[in-house]
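All remarks here apply to the structure that follows.
Every chain is named by a letter (A, B and C) in the order it is written, and numbering of its residues begins at 1.
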Amino acid sequence: MKRIPLLIIVLITAWVSGGCDTEIARQVVPRPGRVLAIREALRGDEEAATTEPTEPVMQKPTEFVTLRGQFQIQGTPPANPVLSVTKDTAVCNPNNVTIYAPQVVVDPQSKGIKNMVVMVEVPDDWVHPDAKGATDEVKFDQKACEFVDHVFGMQATETLEILNSDPIAHNTKMEPRRNTASNVNVPGGTSTTYKPTAGEKDPFEVTCSIHPWMKAYILIRSNGYYAISGDDGSFEIANVPAGAPIQVRVWHETQPSGVSPTTVNGQPVSWRKGEFTMTLDPTDESKNELAVVVDASTF
Amino acid sequence: MGRVWSILFLTVPIFGVWTFVSAMNDWWPMSGGSFAFSSGHWFPSLDVSDHVKDHLFYVILYLTGVVFIGTGAVLFWILWRYDGATNADPVVFSHGSHALEVIWSILPAVVLLFIAIYQMDAWAGARMRRPTMADGAIKPPLCRVTGRQFEWRIQYPGEDGRLDTPDDLHVLNDLHVPVDEEIVIEIESMDVLHSFFLPNMRVKQDVVPGMRQYVWFHPVKEGVSDIVCAELCGWGHYKMRGRITVDNAAEFDRWYSAAYAEQETSQFSLPEEEE
Amino acid sequence: MMRQEITSMNAVYSNMRRGDWARWTLLAIGVIATAGCFSPAAQFELNMIAVHKRELESEATFSTQYQLQPIAEILEASFGTPDNPVLPPVPGIEDVLDLEKIKMAAGPYGSDENGKQRGLYRQHCVHCHGITGDGAGPTAAFLNPYPRDYRPGKFKFKSTASGQEPTHQDLNRIIRDGAAGTAMPSFKLLDSDEIEALTHYVKYLSIRGQTELYLIEAEFGELLPAVVKPASERNAEEQEYVESLTEEELEEEKAEFLEEVAFFESRENIVEEVVGPIVEKWMNAGDEVTEIAEKPEMEMKESIAKGRELFFSAKTGCAGCHGESALGDGQTAEADFYDDWTRFYYDPNDPSTLEGYLALGALEPRKLRPRNLRQGVFRGGRRPIDIFWRIRNGIEGAKMPAAPPIVTDEEIWHLVDFVRYGLPYDALSENEPHQPENVRVRN
């Protein structure tokens, strides 16, 4: 009888040390009840799918106005990484200079930040007829082993013409989330076309396997409510619905999950994931301007 | 009680002999049940003209069988006869028997010598007497089989008779050979030790990386049998199994041209449903 | 008796008879044996690498209760478990996946009442490709290249263009013929309905994996779990955010969050938003096969010469990667070359996050190499049409781009001839498999 504790100790030690399970950081075990409930709902039992989403009563827009704004940096912009241009240097870096990645591009005069992406989300039926359905062929070029437009926007209805103005071959490899992935070799001086089918939420990377330092971003939207800030950090989106709340999102390549600015129009703000809701003024255009200040430490 | 041990030792030769006899006759216990032993524990059917290896095997099996039964019986008799509990005879001390020692040294030596001489024909057949053509030149290999973890890659030389030319036929695990013909196969390994084993052809040869070897056999029966790897070559050793199909010459040619046409497919058509 | 009770451990030991020890040892061994690898029923594992990636992007951890668990539950409700697969009621799914066949491949290894093989996947595939099809089975780490991870639904060797799903025949063929030059063996000797079953099972794991990725990246990963998480699980930023909300706002956001989760779990979302589009792509794959232009009639020598010219021209740029020697040593080969499955979690320019992924079971990144074309080993098959597809469409997931449109089909045929019949056999190529110097030709 006295040996029982010892026996227990031996057994427990054996059990523990003999176990093959390694510790799993986050154990996720589906709850059988939930699985059954979801399966029931999947079978189409209308009873199970009770939660009929109630259409929220939305304010309708009354006018279409232009949203304008400018991004400015506060503080010293961070140094961009140096690109190692290791091959085809006669074309890619003929003067043998140090080439920096165009990540955070700031205009020293205006302190404007280039290549900030502003996207406006509105319900489909709010979109102004002029802001959708463009069918142009937009040109996306590469020169001296660099994509001419580091951040490039287009509508899903447009056709992308990928040019190569270099005498050497490039290949444009892209992997959008919704559209078809593509990786096509574009020999020097030729072009290829890419036809998107759907709008994307965010810009995606475009790279060249032959010259791995080359990188750009393409944004494909289902409408024209997007803008990419210019050299002085300014942007403009025309025909945006006013008088009803719209959602605005700001993206930058170093902040893919959204930019958090310090102040907007002088007021401190806290945007979650670079998103905020605003209502444009249908009458006073001057109120539809955003002066966004982003701290240099954000990048 | 002591004699139980002698009985136990007796079961060894009995069980040993029974195992062989039942394997040779395909007697297996619990046949048909879900735990039944599968049959086919003896030689697979002999598909080649050459009986010499089987013959040699049986000669050695019977020779060793006789010795095995004899030693088992003697061991049993000694244990039974001189069991400590029942034996009342006085202990006898001996300095050995010179004559006995001479006998048990000479006899095995003679037997081994006999085997060494007797097997020479089988060895020469498998190793030295490479098949020749009508004109006396050595016969070129029908194909090259390369062992690779974990598959057999087979390469036929094609019309020009030379390997590693554009008209080679490459197949995997599926060796076809014509019947009634001396077949020479070049065997190689791409990575580690394998062993090319054709049980029905009585061919088994280790393939060593960097070494080119030839095996030959003369199939006389049409049919499908196994190619296995008989050398533990890695974790996937068990799955390194192929198939050898012996066909008549016309069927072999038909298969060859179909396989070659498949390899050279340059037009796409949806294959028919294989259901 | 009293004496024994008050003794220390040592005394207990000394009081034991030898027989006890033997008995206990036996017992202990028995316990170790049963406790040890008493494997629970096989389970699909959540794609934690994708979760981790999403977490790094959004700088917030997933909530186990409100995000990870619902994902696992939706997956199990739609696709079942490895022992008992089911299919979600998506229109047209029966044209893509055959549940009977899937069941033949699923489950533990064995045979059914009729003596038919079951558990084929676990018999033949699981040790490399893993139970979830994540390409990280027990042997995966020892293989080069690594086994395919089916979950993104991307396959290299197929008749359709990059971005399109492979056809049923493409997958069937690679199971049948294996991938030369890799650890993927040929399963030619299996019955054709066993190969069919495995093909369906691979598609099943792919569609399940794609569903999972979509749920993680596009649905649950878009939610901000700060409001539903207990304070202890929030990071500083999340805490700050929650504190900035009023009680009312917090409740509102919470309700919104739960509503989103309820929507994700609804039939409407699963069938129409998530699985439907995935199945549709698989369904259409058969119609998306890249057409093979008729091979021009031409003297082989001439065609090879034309192909050689094209190979080294700027028009195709083949030599850039495959090298002037075609040994796969073009100057690009030195660059950071990783396939998409690795790039998913590994950024060669920022290796700092790698550690976290490796801890989750990601495989050590391994560089890709442009193919050495002199060996005459063609992973995706040696038929001319296979090579035609490789050149015309590129190789998805790898660095091989599709041929530019200015390269005509006829020119591609010349390249095929050069790669297939020219390069491996020209004077510079080492035709023979490697032979060390002490080669001994027997007989």
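Keep in mind that, in the parts below, a residue touches a chain if its C-beta (ideal position, glycine included) is under 8 Å from a C-beta of that chain, and two chains touch if they have at least 3 such contacts.
Because the structure is a prediction, the values reported are computed rather than measured.
Chain centres defined as mean CA positions place C nearest to the mean of all protein CA atoms. When you average the Cα atoms of each chain and compare centres, the chain farthest from chain B turns out to be A.
Annotation: 26 Å between the Cα-based centres of chain A and chain C. Averaged C-alpha coordinates give centres for chain A and chain B that are 65 Å from one another.
If each chain is reduced to the centroid of its CA atoms, chain B and chain C end up 40 Å from each other. Counting partner chains per residue, chain C has no residue touching two or more of them.
By the touch rule above, chain B contacts chain C in their complex via residues 127-128, 130, 146, 149-151, 153, 164-166, 170, 172-174, 188, 190, 210-214, 235-236, 239-243, 262-268, 270-271, 274-275. Chain A meets chain C in the complex at residues 2-3, 6-7, 10-11, 14-15, 17-20, 25-26, 28-31, 34-39, 41-44, 49, 51, 53, 81, 86-88, 167-169, 171, 173, 175, 177, 179-188, 190, 192-193, 209-210, 212, 256-257, 270, 272-273.
The touching residues of chain C, when paired with chain A in their complex, are 4-5, 9, 12, 15-16, 20, 24, 27-29, 31-33, 35-37, 39, 46, 48, 57-59, 64, 68-78, 86, 88-89, 161-164, 217-218, 224, 241, 244, 259, 262-263, 265-268, 270-271, 314-317, 320-321, 331-332, 334-337, 340, 349, 359-360, 394, 396, 399-406. For chain C in complex with chain B, the residues that touch the partner chain are 124, 127, 139, 159, 169, 177-178, 180, 183, 185-186, 188-189, 192-193, 196, 286, 289, 291-292, 294-295, 300, 382-385, 388, 413, 420-421, 424-425, 431-436, 438-443.
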